[in-house]
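One structure, as structure tokens, below. Some questions next.
The letters A, B, C and D name the chains in turn, as written, and every chain counts its residues from 1.
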Amino acid sequence: MLVVMNKQATPEEIDAVLAAIEGKGYAARPIPGGERVAIGVLHNKGAVDASHFLGLSGVQDVIPVTRPYKLVSREFQPEDTIVQVGDVLIGGGNLTLIAGPCAVESEAQCLKIAQIVQRAGAHLFRGGAFKPRTSPYSFHGLGEEGLKILALVRETTGMPVITEALDTDTFGLVEEYTDVIQIGARNMQNFSLLRRAGRSHKPVFVKRGLAATIDEWLMAAEYVMEGGNTQVILCERGVRTFAHHSRNTLDLSAVPVVCKESHLPVIVDPSHAAGRRDQVIPLSRASVAVGAHGLMVEVHHNPEEALSDGAQSLYPEQFETLCREIQAIFDVFHPPHPVQ
Amino acid sequence: MLVVMNKQATPEEIDAVLAAIEGKGYAARPIPGGERVAIGVLHNKGAVDASHFLGLSGVQDVIPVTRPYKLVSREFQPEDTIVQVGDVLIGGGNLTLIAGPCAVESEAQCLKIAQIVQRAGAHLFRGGAFKPRTSPYSFHGLGEEGLKILALVRETTGMPVITEALDTDTFGLVEEYTDVIQIGARNMQNFSLLRRAGRSHKPVFVKRGLAATIDEWLMAAEYVMEGGNTQVILCERGVRTFAHHSRNTLDLSAVPVVCKESHLPVIVDPSHAAGRRDQVIPLSRASVAVGAHGLMVEVHHNPEEALSDGAQSLYPEQFETLCREIQAIFDVFHPPHPVQ
Amino acid sequence: MLVVMNKQATPEEIDAVLAAIEGKGYAARPIPGGERVAIGVLHNKGAVDASHFLGLSGVQDVIPVTRPYKLVSREFQPEDTIVQVGDVLIGGGNLTLIAGPCAVESEAQCLKIAQIVQRAGAHLFRGGAFKPRTSPYSFHGLGEEGLKILALVRETTGMPVITEALDTDTFGLVEEYTDVIQIGARNMQNFSLLRRAGRSHKPVFVKRGLAATIDEWLMAAEYVMEGGNTQVILCERGVRTFAHHSRNTLDLSAVPVVCKESHLPVIVDPSHAAGRRDQVIPLSRASVAVGAHGLMVEVHHNPEEALSDGAQSLYPEQFETLCREIQAIFDVFHPPHPVQ
Amino acid sequence: MLVVMNKQATPEEIDAVLAAIEGKGYAARPIPGGERVAIGVLHNKGAVDASHFLGLSGVQDVIPVTRPYKLVSREFQPEDTIVQVGDVLIGGGNLTLIAGPCAVESEAQCLKIAQIVQRAGAHLFRGGAFKPRTSPYSFHGLGEEGLKILALVRETTGMPVITEALDTDTFGLVEEYTDVIQIGARNMQNFSLLRRAGRSHKPVFVKRGLAATIDEWLMAAEYVMEGGNTQVILCERGVRTFAHHSRNTLDLSAVPVVCKESHLPVIVDPSHAAGRRDQVIPLSRASVAVGAHGLMVEVHHNPEEALSDGAQSLYPEQFETLCREIQAIFDVFHPPHPVQ
């Protein structure tokens, strides 16, 4: 950390800052510049809380230098984490496709869609049993009945399944039925839920919050890893900006940045980012092209009748096109025998 | 809701949309314009899910008309809700001041600060016992020991206390000790927590999420009210924007908008919005001037030693100045005998 | 346009709104709903100014329906515009690559880089002669001397050149030397400059402003087309959001949206969006994958010595990789004989 | 500036960075930390371009320390700038009110409104003669005829007038007629216009751009001051965020930050920020309470008939209320004999 003093800071103010730094158990190293003094804070283990120094007299700014995350960082583990779910590998040189309806609606619906997406090339089946909804009056999912349908899909097709755990109360139930546990965007800083996920023996899929910086997102993953669960997958799904031509703004530059900072796999969800079917295929191609380790896409055999988010669900034939195109794009910059 | 068709939409496409609307149980009313057809959706109870129609062929846009919230709306209850906590009134023509440290650190610290803020004019005491922190390695509060300290503050000073409930697991514990239960910004869409708060018999203080629209914020309050708890207080605490000269951008226009849309009281928290002490006093004045029903402000007798967010905590004498100034500002546009 | 009344709006208020609409020369069509009345505004030519009605008593909201743009819209011209510059085609089924240094620094620098990018596959050469800079103390480009160097590059290599015109005073000079005239992001709503570009006989390259909606961006292009110049190219270069891991957030969903709304070609500039070299190649792949008609990329043979934006300029060998990869990606979803 | 190296950076990489810094004529001072090396860049005059070092091998981040602006900074001039226009003082301990219609529509309209606002307490009269409009098809103002009407208002009422200059072509004309020259938000980085304003002998009113950081805004003022014109007034008018309940989000925290960083006066324009009349009065009160040196407010005697932005114009009696309230609020924290 670097504490930057005002140009007019007095020697007394500088001394008080030095004392404050040392009072916290760090070493202080003044760096006199042409116009002002800056003070380096050394010997800190991990990040220093800027607020200790920001309010001191004569201090103009406090600039963090050390990254706040540890276990998730590539500095901690240089090689890619590869999460294995059944026979499916996520991360490293693999391209993984997760597909299914927004919400689990019925056995027939799920089996039908599972068959469609598996044939087209999907590796995991998705479907919400517990749905977070902005309104208390909306459809909130089938709950445990939905989880049973997901288990049936796995039995029938052999595809592992992923579904969201909304709270610590139902986490155990979700954990029992599903293969991968999703933490939704709205819960990305629900730290109790993250700690519970850290105690799980199943892989955890951490969606980026609507207004989360990359540091905050990685710190959410750090909570899970800190609890002992190393099987963490990250998912970019759009952030909230002034732009309203898509539901959220898919932030694809986050993918190479996270891949550089962290060893964890990164999946992109273009369906929730776009909110409209006609943007999902182009954004899927772009997500793979930017270097994501896979996609999570909503597909419905009859979107007009879907109980939630029908407008963003692909038709089956669109999903087939998507599978073909993204595999070809992936192959462009991945050698046949990945040696990442 | 209004479904807007493309200029080139065919009669068949229009008919299909009409059928889809009626298939959902609504009435459809076509409005042929000069250049294109729009279709009104009538007889809906509450908001209609746009996604049903957004993906249909020939549809250009779907425009919501009805507000999604009910119980929180001023259309539902025209007169102001006034929340009573002990002898303190929040809402209507009252100006309420909530003050205290960011985190409960010790008995001595809390009693000291409580005495300071009470003497200056504060009505409620705040202090975090369970602290949400971006990092798993940071100080997370004293937990139940902190709650006991808050209860002691109430006993000693007579001031009601407010503190945050982080999850459903500890909600009952917090509810037992505190007078008002805070739902933090990061948990604004933690729907399980909101439902739990809806079953509480204590007032609930709902902070606006970092990227929450006013509709989403009011819908969070709607969750609480839908559960039967009508004692809800809203709190604006800044939103995340590109601007980085303050920690968040305090959105003061939200105050008159919420006061127009809803009957619930609105408090502003300038400390978390600013993140820096020198912005807190001016933003406090502005918050009262814009029409907020009160403030929540962090005060510490020794900010340099605070365990969290010391940089944004006011010194005691600053808080006294603030109390004087905001009362005078409030009086400018409130007659001595409020008749709101 | 749709004027939505409050639930409590009186018949008198509704009548006053009807009268106001008709007073502006439009037709008013009331649409009584279950809970409130909405009023359609018909017979308007082009967009109606919402502000006429927004402030009337009893009005809750005013919702625009008609798109504000005309000449740039696909409703006006269904087939793609293809801009021809020398032998280079931009738009339709073509993939066009624009490359070169941020700023023109010298004859030797430009000829060197031009040779490199041409050999790798670039179609147009870029380089700033007049540079917009946040600081009055920064390097502002070589001016006319830079334009002469660009002309020399064209003579020597046969590649057409593109450079920015900063103001109406120097527009004529830029127009004289260059093949395509760039309007920069900061000038996207410099309407005098756009009108001047509308009178030019050379193609105009309109960069999206940092906080421009798609409507505003298309309206900027509408200014140029309204002046009689139909040779307009759009360029997405990132928008400003809370995210700071890249200089701006590249908004790739804008590409399919613009391609749906407008017939104009869309180029993406990943260099300015990213601001850091290591994000440029992945974002370039993503831009082509999302459906852009081409890229504008900064390349420098010696980025460490560049006079501006060296950190985002690709090394020559990186640019070669990029050219290979994006062509292969483009081919994935474009048949060998484009029949768009 | 501080160059932060990767944890794994090699001694060779560090040496290369040191050499690069010295190659630019600066001094390099390595600061070895517990985990990584940072390198201070010293002996720079003004800001160093981060891009020189950001792309070097082994560099993780580059952190600016020095503020980029000079002449506008309070470090350069500690005491407040007070701009005098006729008898009106702007800045320091003065509260200045600028009011009038959005656009100059006619002699009768302007004289009528001028009389109203002057009687209520306005000091300057505003009105657009050249109007920047998103659409080429909208009303763009009366041009020189509008300027003549403004001059007539000054003659008749004695109030100085302010109006916008849109481009360098018409700048001289505007300068001839008006007392203060406004640079609009869209033109905040129109550097040619800023340079022209820097050569003017009249005060310049620089509106903050929709997505401008405070640094960029102050740098725009720096352009004007660098040209020799020290009479600069800043105007906050809202920034673009995800929030859409007001047209823009008024960023009131910018006021204390700018007052701390710069000696220039800061005016707030709540009318353009809000876009809706019912938010203007509360935001006006808040703007004065936060410490602004004044307001610019739109008033119209007949907003329903206004040619532009009628929905945000106050009725005359609202403006009177506003004047009373803001003066009383201002007095709360300003002693009767200002000694700022």
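The rule we apply is simple: a residue touches a chain if its C-beta (ideal position, glycine included) is under 8 Å from a C-beta of that chain, and two chains touch if they have at least 3 such contacts.
For clarity, every value in this text was computed on a predicted model and none was experimentally measured.
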| item | value |
| --- | --- |
| Chain whose mean Cα position lies farthest from chain D | A |
| Between chain C and chain B, distance of the C-alpha-averaged centres to the nearest whole Å | 38 |
| Distance from the mean Cα position of chain C to that of chain A, given in whole angstrom | 30 |
| For chain C paired with chain D, centre-to-centre distance based on mean C-alpha positions, whole Å | 26 |
| Touching two or more other chains - residues of chain B | 211, 239-242, 244 |
| Pairwise touch network: line, ring, star, complete, or other | complete |
| Chain A - residues contacting chain B, complex | 20, 46-47, 49-56, 68, 132-138, 166-169, 186-187, 189-193, 195, 209-211, 215-216, 219, 222-223, 226, 239-240, 275-277, 303-304, 306, 308-313 |
| Complex interface listing, chain C residues touching chain B | 2, 4, 6-8, 29, 31, 33-36, 38, 40, 42-45, 61, 63, 65-66, 75, 240-242, 244 |
| Interfacial residue positions of chain A with respect to chain C in the complex | 211, 213-214, 239, 241-246, 249-257, 260, 273-274, 278-279, 282-283, 285-291, 325, 328-329, 332-333 |
